[in-house]
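Quick notes on the structure that follows.
Chain naming follows the written order as A, B, C and D, and within any one chain the residues start at number 1.
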């Protein structure tokens, strides 16, 4: 069962070989293992990176590091990484035995349109259920909206920065709105509608995909990870609220 | 508490002794421990291999490796493995202190009728609930069917191979159909109806057993594992959809 | 935060000091850690041994080993064990800093009335919910009953042994029946009704306690553990079936 | 991704450097890692300390140790701790790269008004759902109340001590009552209503915050942790009871 290819042009080796645990090629592996393990641990969220689903990408200086498609997340190695030049969009490194991730143009959209440095894609069942509940209760073009849940304070309000370059986060009395786009036969075909949603919702740090999952990005790996966790907490809570007949937006 | 027997004819020792982690005798143990641990971790799926339930088998060259019955999955050792000759169906190795798995003829069916090389059997509660919901809502002979869930793309479409010998996977707009057979008093008595279901559904890589669980196979261990994960994701999602009144097959 | 006392009469030291991982004093600690960890891992079942709830006891030759009350399960040490003489019911060892478990007379009942060698008590939420559903739907004196779930085959049918001293397990078409007793203010006051239930249900290997949890015993640690796992699987499945309007006993 | 600052006035180093695992600076880290890991493991409760939510504080002699805000719980180091003088309320130690926790005045309230030595704050989804169910079914000023669940015996009855200085715990037939306060835009603004609730409910060891979570304290770390676990068990069970139409307070 050889699933991690290592047949690749050796002169690109230096791009993924580093002792630094913070090097993106190492970080993606740590993150994928963590997600896989966490995934299996936190109740319904194992599916985030179940088997070979989901994915993640990190932008590091002039380079984009992308986890390959179809590799068991917990077995990912730095040498499995694809590396792309951010400017030319050309692959500086292509492990021969792997397929590039179909999410690549979507990850890239968060880097180019949002200046993000990390983008995470999951198949969270909570996200999928939210897209179905919103469609049925509010219509196909409605976004997911929720108010007055403490955890929304974990999501940035917009891209504005204060004097110290700090981002502002949503307030408890503000509204979290995540756009939902329709799924397509091929993941790369989501790119146009994802970019459209980014334009229609200039403040959003995430886009839900109907019957599919969610894309979440952040200024760095730490923020992308914690925003992904906070959103999944909110999606899960919202589904439980729906089961109990509790509205997402308090009347009063 | 001696539960792992090691009293066996020593001349079969070489069949299960290997330094290679990819050797099937080692792989089954890794898989069982992983499933057990994952099982305990991912919410409702611990039951997949709870206690001594479920099982797995690997076909390796001329040999079939089978985990014994009634052994705690997390404590399984290579020396606990049964080894059978694929052609003669004779045991090359029988740990005296263990019972052969009652699943053996079912595992074998996937190897002979489908040319699979790994077969996994679980008692997933999601699988059991699906078989009950389908029976009540669609009748005793209906299969489980679902459409337009991204994760079905993780399941092969059929056994056809392309020029490069690659298998095609279900498309997002295609329908996943898993046959359901009735349970029997003794597991081995499932063999005929399992084989019948394989004939009636020539494309399926899995068969659900009412009130019991599911059998999933694949071309290799990696594929069997990820297909098992993807199916369980879909079963779990489908149960949650049912709780929320969301149909498995969108009207439009 | 000293929670594991070690002030105890040293001449009883030999009772709990052993290099053998199978020695009961070590086994209970392993079991408690495993349960605690598993507990935290398997969805709703963490509460089985949450904090200081639940407990376990092993009968070993002339001695009974009992985990103390009020000790964090994951931090339990062999020196925390109480040891009682099976005949005289006198403590051979009492760690001064600990309270003996209030479950002691209940554990003892399974040893004396059932010749069990291990008894596990949990506060499984699934068990608690089952006792409430049975009371409401079938009345205060009804037992929990379920049929035709493959996993019931993991529960012994009665105490009869075959020629080889093997116990028979429930068949798929047979009925699992677990008596339910009312809870009392003090755990030790459950003893009479527990023993009454054991007499009224001479075949049962477990007794549910309303609004409290379950007691499960077995011929040895391995069997008590796997029977506890199988029952909790069944309790959890039965609660999910109830949520989905699926009857525990098929009509036909 | 440097998220754990270590730039701090070195002369405060001795406050957080200790080989003793029981030293509060080490205990908080152990606790946070444990909660994070457990969090990810136990089904819905990962959110307790998801990402950077929740927090904990320990009072140790004349000092208060407080985990910083916005640090990934699993990566917390002793050098990340804030240390405050209990009398003067002045910081003896402020890691420059961190923000003090907004929970500080709330933790402090449990130390000053209740003489607690450890306070834990979580965003448990079960706690959030309970606050919403109570508001809808019993009104905005109603507390959460439940009776006759064995696990309530894990919660102290009041602050009275017996001759040996032991605290009394709730009896099975007594009622657990946890006050609920309304959430505010800024966490520190909860202080007045939290203290009001402590006065209105002089026996309580916890306060729920609507749409936010819960604060739980104890005489020491061990008690705060197990009381937090017991309460979350009860919140989770109460939500499941509500789904199944089972009342929190038995009629008879």
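The rule is short, and it goes like this: a residue touches a chain if its C-beta (ideal position, glycine included) is under 8 Å from a C-beta of that chain, and two chains touch if they have at least 3 such contacts.
Source: prediction; values computed, not measured.
Graph distance from chain B to chain C, where chains that touch are one step apart, equals 1. Homomeric contact chain A/chain D: same residue numbering on both sides for under half of the interface positions.
Each chain gets a centre from the mean of its Cα atoms; for chain B and chain D, those two points are 43 Å apart. Note on chain placement: the centre of chain C and the centre of chain D lie 31 Å apart, centres being C-alpha means.
Residue positions of chain B with contacts to 2 or more other chains are 37, 41, 43, 243. If you check the complex, the residues on chain A that touch chain B are 1, 3, 37, 39-41, 43-44, 46-47, 50-53, 72, 123, 125, 128-129, 132-133, 136, 183-185, 209, 211-213, 239, 242-243.
Contacts from chain B toward chain A in the complex involve residues 22, 27, 37-38, 41-43, 45, 148-151, 154, 171-173, 220-222, 225-227, 229-230, 233, 236-237, 240-241, 243-244, 246.
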